[in-house]
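In what follows, subunit A forms one complex with subunit B and a second complex with subunit C.
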Partner chain A sequence: MGAGHAHPLYLPGVSPVHRLPAEVKVVAALLLAICVVATPREAFSVFAGHLVVLAVIWTAARIPPLWILRRSVIELPFVVLAVLLPITGPPPTIDWLGFALSEPGLLGAWNILVKGTLGVLISLTLAATTPLPDLLLGLQRLRAPALVVTIATLMLRYVDLIVAEARRMRLARLARGHDPRFLWQTGATARGVGALFLRTYERGERVHLAMLSRGFTGAMPRTVDDAPTRRQWAAGLTPVAAAVLLAAAGWNLA
Partner chain B sequence: MHVAMHMSDGLVNAPTALGFGLVAILGLTVAAYQARADLDERTAPMAGLVTAFVFAVQMINFPILPGASGHLLGGALVAILVGPWVGSLCIAIVLVVQALLFADGGLTALGTNITNMAFVGVFTGYAVARAMRPLARRSRAGLLTTSFVAALVNTVAAALAFVVEYTIGGAGGAGLGTVFTLMVGLHVLIGIGEGVITAATVGAVAAARPDLVYLLREPAPVVRTTGEGVAP
Partner chain C sequence: MTVPRADVPVGSAPAAPTPPSLDVAGLTFAYPDGHKALRGIDLRVEPGERVALLGPNGAGKTTLVLHLNGILRGGAGRVTVAGLDVAPAHLREIRRRVGIVFQDPDDQLFMPTVAEDVAFGPANFGVTGPALRERVAAALAAVGMDAHRDRSPLHLSGGQRRRVALATVLACRPEILVLDEPSSNLDPVARRELAEVLLALRDRGLQDRGLGTSMLMVTHDLPYALQLCPRSVILDDGVAVADGPTRELLADPALLARHRLELPFGFHLS
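Coming up: the complex of A and B.
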């Protein structure tokens, strides 16, 4: 099966980070992100420390920093808010090129930008080193409800197919004279979405019947079951310990 | 430009993020339990495919203004098509996968994102649709109006939930009034687009397979049991 095994942000590799069980990496990434968010925004140097921790992980995982940086330019949705904060924030203000910028507003914008960016870098590191099946197995071992894991498994198995179907439907519309420009494409595209729902739902009915005929009882069979060792947990949580120390140092600085 | 509603890390402080993380886990557990009743034993494969549909739909871009495009969030759409429990489960799983595999939305913001979009958004949208159900059942125009209003309210409600979270533990220095005006104003615009597309999509599904539209389904017939030994 070609679909559902790789995702666009995965960087194949055999580094120690790649080989860590997924649940260790998910927990570590979550804790790292919490440490970053819990760092007071005035502790500027500490954020550089967090970046160093990440850089060490990238070295261990053999991820070229440029590879990560190029992908970190994912749209930052709340940049609008970050830009508006210094302009609309409360006094005191400082003068910058003739603009009166609010000091708390500037701090707020810095806070959102630095924590948002570090968060994206952490997520990217997790995504780059964790293939799909591992992640699903990891979620299962982290005691996510079985139903949720099964739904996520099927969703990831079929998402490429559905996306490709949407693309074929668009091509078919184009071949029949559809002119996808500006607002008047909405009607046809939305009807296409309706048709896509019907096809997906009916595919779901077929998939379910096929699964039943192969002995599906409502739960996916577990294929591998070796829990991570204590050493693997220790290795995964080492960067977290560094980040905790950094965040604590930040609170002492601030 | 790309308009999205996924919150990033650092927008709310750590205690708030953790608190809403707990809310999200609690909500997911309840939704997973309730979703079984809605989908009987077909639960997992059907819900998996519907989730893949939501994921695919979020990849289809619509123009908002020249140069700016947005995508369907799909909260009201799934609530109307597959019901609020399965719907919120689908949206929540999409958000988790986007955060873990696509670096879309912060890991610590996962709780707030799930709360806003999967629970507040889907359930407000469904409540509106449910309140307007007599109208939706009467005519096609009624169904389209219902879908439009539900999607609009869903989008604005999710944005309002963000404003509430920002009030509780916002990490920026912006006045609440500014955030409120910005978020609600922006999301009324997004919501109108969401409403138009949701209405057209629900209309297309209802025209072909009205039996698949959860909102239009008749309540299950009451099973009468007679005889002894049957618990009331």
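Coming up: the complex of A and C.
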């Protein structure tokens, strides 16, 4: 479904994880993230356990770990903040290679790093196994605010169209010898953006008229109605059960 | 439903006169800036009739189309669809009865997949479950797009998009099909394929009900009007200036020239 809506975070496949209904995966991902966050930061080995749960899912979904790791660099800007904590944190301090590192700061940094990384890995796993349109459909079935889902659906449908329009306008400018190299030469580009905004706005109006003509009253009708089975829910929530046990074990350890 | 009695031959009962699919009487409309787009239009389309609405750019064609399902209102005059007034009280039923295929299929197709888009209309009109699936399948089959039901409209060719846009409206089972410039931006093959789909709709309607689908086709593609619509109405500056058999209107070069219409190079009708 949704062929052609390839986005860089989606890895096409036919694994059991790919075939699970989107809403099951959305719920499972959310609960997994909550389990990770609920694990006390001192329970170091438990985080390794969470990683094992994810690794099992990757194996089932046939996602190469490197494929996921490459995409998790999105986390890097947040890691920078975590690196500062041990330096700026309060005493007591530990001496490490001549640096005085704050102990609570180190723990705080570890907390951000490990929970953030696991959270990113969980989201990437969801994105890798669920095409965007299915994700939106899943959100709709989970009764996410209809307006938000509708806006996201329309954005998904029209973003490529707008990009293509912008590209055509740029080509037409270049074809007439426009070659902006300095800031003060970007006037034409800026006016192009303005024109693009107007065109997009007008298209929005036309799309709305066309929707009204087919009886749109403000709420998206449900056009797909096959709900997930108990078995699918059970399969999707198995890793969550493992994560709950891990988090509970973490509280016992700490 | 009543079963006909054996002693009364089927079809001999005095049928109530069928109201016209579309009846526009004395319709006027001015845009807020004062520009008069429609200056008293009368137009009647009988059930099963196919009419081309011809006219130069700016003649008021699209404005008229937007009045047919109540998107634009406010001027004088009256529009009825199969006997039902276009009024706020029953806009929903009016919009089911009037199936508008817009000029740019990208304006019409907004859902992630073809099948969901075709389901959008009938789902709005309360069709659900197996009946909805059946509607979608039938509409896609009617335009020859059943193999593409799970694709994104974005990845279809222009001709395929146009046919899917037609399917989204057919799935609502309209009383009258309104096509706004159906042949614009189509290559010759896609243009012919669309014509074949539209002619097949007529033929199937004739088989099932003895009536084809009523159709109002807004265009300035005159050969297309000739191929698909036996009757044409010429609209210019907000009034209907001519109404008659398409072939006769198109064979009158003086009439066409007066209203900024002309046949493509090399075409002659006698």
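Here is the rule we use: the second predicted complex is superposed on the first by the 202 of 254 C-alpha atoms of A that agree within 3 Å, B and C clash if a C-alpha of one lies under 4 Å from a C-alpha of the other, contacts with A are read in each partner's own complex, and residues count from 1 in each chain.
Throughout what follows, a residue touches a chain if its C-beta (ideal position, glycine included) is under 8 Å from a C-beta of that chain, and two chains touch if they have at least 3 such contacts.
None of the values given here were measured: they were computed from a predicted structure.
In the superposed model, A:34 makes contact with subunit B only, not with subunit C. Touched residues of subunit A, counted separately for subunit B and subunit C, are more numerous for B.
In the superposition on chain A, contact of A:158 is made with both subunit B and subunit C.
Legend: residue contacts after superposition of the two complexes on their common chain; A:133 is shown touching subunit C, with no touch to subunit B.
In the superposition on chain A, contact is made by A:207 with both subunit B and subunit C. Within the superposed three-chain model, A:97 lies out of touch with both subunit B and subunit C [touch as defined at top]. By the document's definition of touching, of the two partners only subunit B reaches A:114; subunit C does not. Once the two complexes are laid over each other on the shared chain, residue contacts for A:89 go to subunit B alone; subunit C is not touched. Looking at the shared chain after the overlay, A:215 reaches subunit C, while subunit B stays out of its contact range. Contacts of subunit A with subunit B, set against its contacts with subunit C after fitting on chain A, overlap at residues 132, 153-154, 156-158, 161, 203, 207, 211, 216.
By the touch criterion given at the top, residues 1-5, 132-133, 136, 153-154, 156-158, 160-161, 203, 206-207, 209-217, 221-225 of subunit A touch subunit C in their complex. By the touch criterion stated above, subunit A contacts subunit B in their complex at residues 7-9, 26, 29-30, 33-34, 36-38, 41, 71-72, 74-78, 80-82, 84-85, 88-90, 102-109, 111-116, 118-120, 122-124, 126-127, 130, 132, 135, 145, 147-148, 150-159, 161-163, 165-166, 182-183, 185-187, 189-191, 193-198, 200-201, 203-205, 207-208, 211, 216, 218. Across the complex, subunit A is touched by residues 66, 69, 71, 92, 95-96, 98, 100, 102, 104, 106-113, 115-116, 119-121, 123-125, 128-129, 132, 150-155, 168-169, 172 of subunit C. The touching residues of subunit B, when paired with subunit A in their complex, are 1-11, 13-14, 17-18, 28-29, 32, 35-36, 41-53, 55-57, 59-60, 62-63, 66, 72, 81, 89-90, 93-94, 96-97, 99-104, 106-109, 171-175, 178-179, 182, 186, 196-197, 199-205, 207-209, 212.
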